[in-house]
Amino acid sequence: MRSAVVVVDMLNPYDHEDSERLMGSVHEALPAMRRIVARAREEAVPLVWVNDNHGDWSACRPELVRRALDGRAPELVEPIIPPDDAGFVVKARHSIFYETQMEYLLRQQQVQRIVLVGQVTEQCILYSALDAYVRHINVAVPRDAVAAIHDDLADAALRMMERNMRADVGEADVCDLGDHRVGRS
Amino acid sequence: MRSAVVVVDMLNPYDHEDSERLMGSVHEALPAMRRIVARAREEAVPLVWVNDNHGDWSACRPELVRRALDGRAPELVEPIIPPDDAGFVVKARHSIFYETQMEYLLRQQQVQRIVLVGQVTEQCILYSALDAYVRHINVAVPRDAVAAIHDDLADAALRMMERNMRADVGEADVCDLGDHRVGRS
Amino acid sequence: MRSAVVVVDMLNPYDHEDSERLMGSVHEALPAMRRIVARAREEAVPLVWVNDNHGDWSACRPELVRRALDGRAPELVEPIIPPDDAGFVVKARHSIFYETQMEYLLRQQQVQRIVLVGQVTEQCILYSALDAYVRHINVAVPRDAVAAIHDDLADAALRMMERNMRADVGEADVCDLGDHRVGRS
Amino acid sequence: MRSAVVVVDMLNPYDHEDSERLMGSVHEALPAMRRIVARAREEAVPLVWVNDNHGDWSACRPELVRRALDGRAPELVEPIIPPDDAGFVVKARHSIFYETQMEYLLRQQQVQRIVLVGQVTEQCILYSALDAYVRHINVAVPRDAVAAIHDDLADAALRMMERNMRADVGEADVCDLGDHRVGRS
């Protein structure tokens, strides 16, 4: 089964009301995110960044990167800037699938499983896991590579993903990145 | 704002593995469901039943009603059978919106808010609330008119809907059914 | 490659303004439709009826059949009534895919090719062929088993499907119904 | 009613087999496209470029502009490069709506009518007009501001849009750009 690593909403200026709580959690999860991204690059696993455009429909990757770096926490952005050759998808709502190119992209690349890292565990990560599940796309969520605002809801979200969406919830460093060669399964 | 009451997955033969737990919860929630459905009928609020077809693509309302009545718990089905003039939408996955006519139906009827009752709180109800939220459709979930399998996850789901999806989570008997006249807001 | 035969909008009361023109064309196309449906049944090829609900969200198959039979041309309806075990999908707009369960149904049944018969060549048939094409689902349109309102537009529609959507446009009796066994391709 | 002008697939390297025919038509339609774009800018009408990414999921506006300029006909690209403040949406298939952010973008900007210019009349323009029509979004297609490959099919496509999708098909210079102020209708 071919996997892709999907980095969710990490180009963030951290200027909304819950940012303080979130920033602490991102600080903790960032090293595991970076390690799994590095591993994906080494093993030629498809990598896709998906990011909210915060309502600016003229913004593509360069603008979203710049605004995040100009925000309150460039130290949380700079280590996870998308490389030029990674997939990049703009989203306007919480799920990476809602009115985006994501499902088509995954089908075209013969990806049947996504490894979700980024933020926010109990919001965009949960909602994207659900939207993958209804589409019969398998999901893995390394619990040390996702960041939360409310720990209690994040914990419940991880249990929901594991129990009701059959997600593989574990640690980033032992997360299977799948046999990413097209045609194997 | 115009509301509709949506009855989710109540045509259930209760033959899957978690049915035992679920049946107890449905038994408790059924009276509040019936009261809110009755109130909707009195006030001419649009009513829609949405039900899983359990993979049978030839099944419409009559077949789904019959199979549920032929299942393990007809006493949980008979009191909530859809009337002939209610909307009826078939779904194949957990969310009432995923690859169904639901969004189009709501727009055509100028409904901007749905009141979700039925089952399962931490699964189809949560997922449908989320899909409404990303579509900017307001959501109410009367906590006494939804049934759960796992109480801890159901409780977390209700908090997620309230906190992160701005749902109106309260009691069925005081749930606002909105000004349902088209053209008012 | 597994095929399904899809019968579009044949439960029609023929009460709209263009019905007169359409009825003549349906009369001519009906025998070829019936032959290909019969062949599909013999060969156990999946069969799906998709029909507009004309804005009545409480209507399922029984109501749509009855209303069509109560319309202006029961002789055009009776020969093509869906059997109980055929798939049945309600649509509200022109394409069989727009906000319906159709794509999910086809994926679940491992169907990669649809044979479109029914009405109207230059409207629902064309739009459904297009929506199949963008989804990488192959399309066949037997030209003698589809009915039109305007012959010039129907002719252009068939050329568009053939040239730009790579549809197999031919005669019903020689239309390949595919190797419909799951797992063959 | 608020309108937006949508420029379709004009960032084209013109390296596919039908390019020769298409380039002649684009050359003729380009002046009318530029005039309507200029008028939209003067009148603050929302402008959105939608462009195929040709399967490169890492490409955003800068890459798509550069590749088109590096193609066979930079003189057909340079006059219609998107300004930095225009909306920009990537598509992977023919319709501007299929698995893109387009419908959400239009709803957010309270746009109920799109003016389609660009290429190809009998393909992406037709398919996008259809997808707008099923979504109850009004469509205008200035016939002198769209480019075709096959004139006969383009002519049929324009008649289909006018007759069956109620599109406003006319000349660019007299195309109503609507009352673009939010809240008017």
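So that you can tell them apart, the chains are marked A, B, C and D in the order they are listed, and the count of residues begins at 1 in each.
Here, a residue touches a chain if its C-beta (ideal position, glycine included) is under 8 Å from a C-beta of that chain, and two chains touch if they have at least 3 such contacts.
In this text, all values refer to a predicted model and were calculated from it rather than measured experimentally.
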Legend entry - Other chains in touch with both chain C and chain D: none
Inset, instruction - Select the chain at the greatest separation from chain A, using centres from the mean of Cα atoms. - result: C
Inset, instruction - Averaging only over C-alpha atoms, locate the centres of chain B and chain D and give their separation in whole Å. - result: 40
Legend entry - Centroid spacing, where centroids are CA-atom means, of chain B and chain C in whole angstrom: 32
Inset, instruction - Indicate the residues of chain B shared as contacts by at least two other chains. - result: 93, 98
Legend entry - Full enumeration of touching chain pairs: A-B, A-D, B-C, C-D
Inset, instruction - Report the residues of chain B in contact with chain C in the complex, numbered from low to high. - result: 48, 55, 57-58, 60-62, 84-93, 98-105, 108-109
Inset, instruction - Mind listing the chain C positions that touch chain D in their complex? - result: 93-95, 98, 122-123, 126-127, 130, 133-134, 150, 152-153, 156-157, 159-160, 163-164
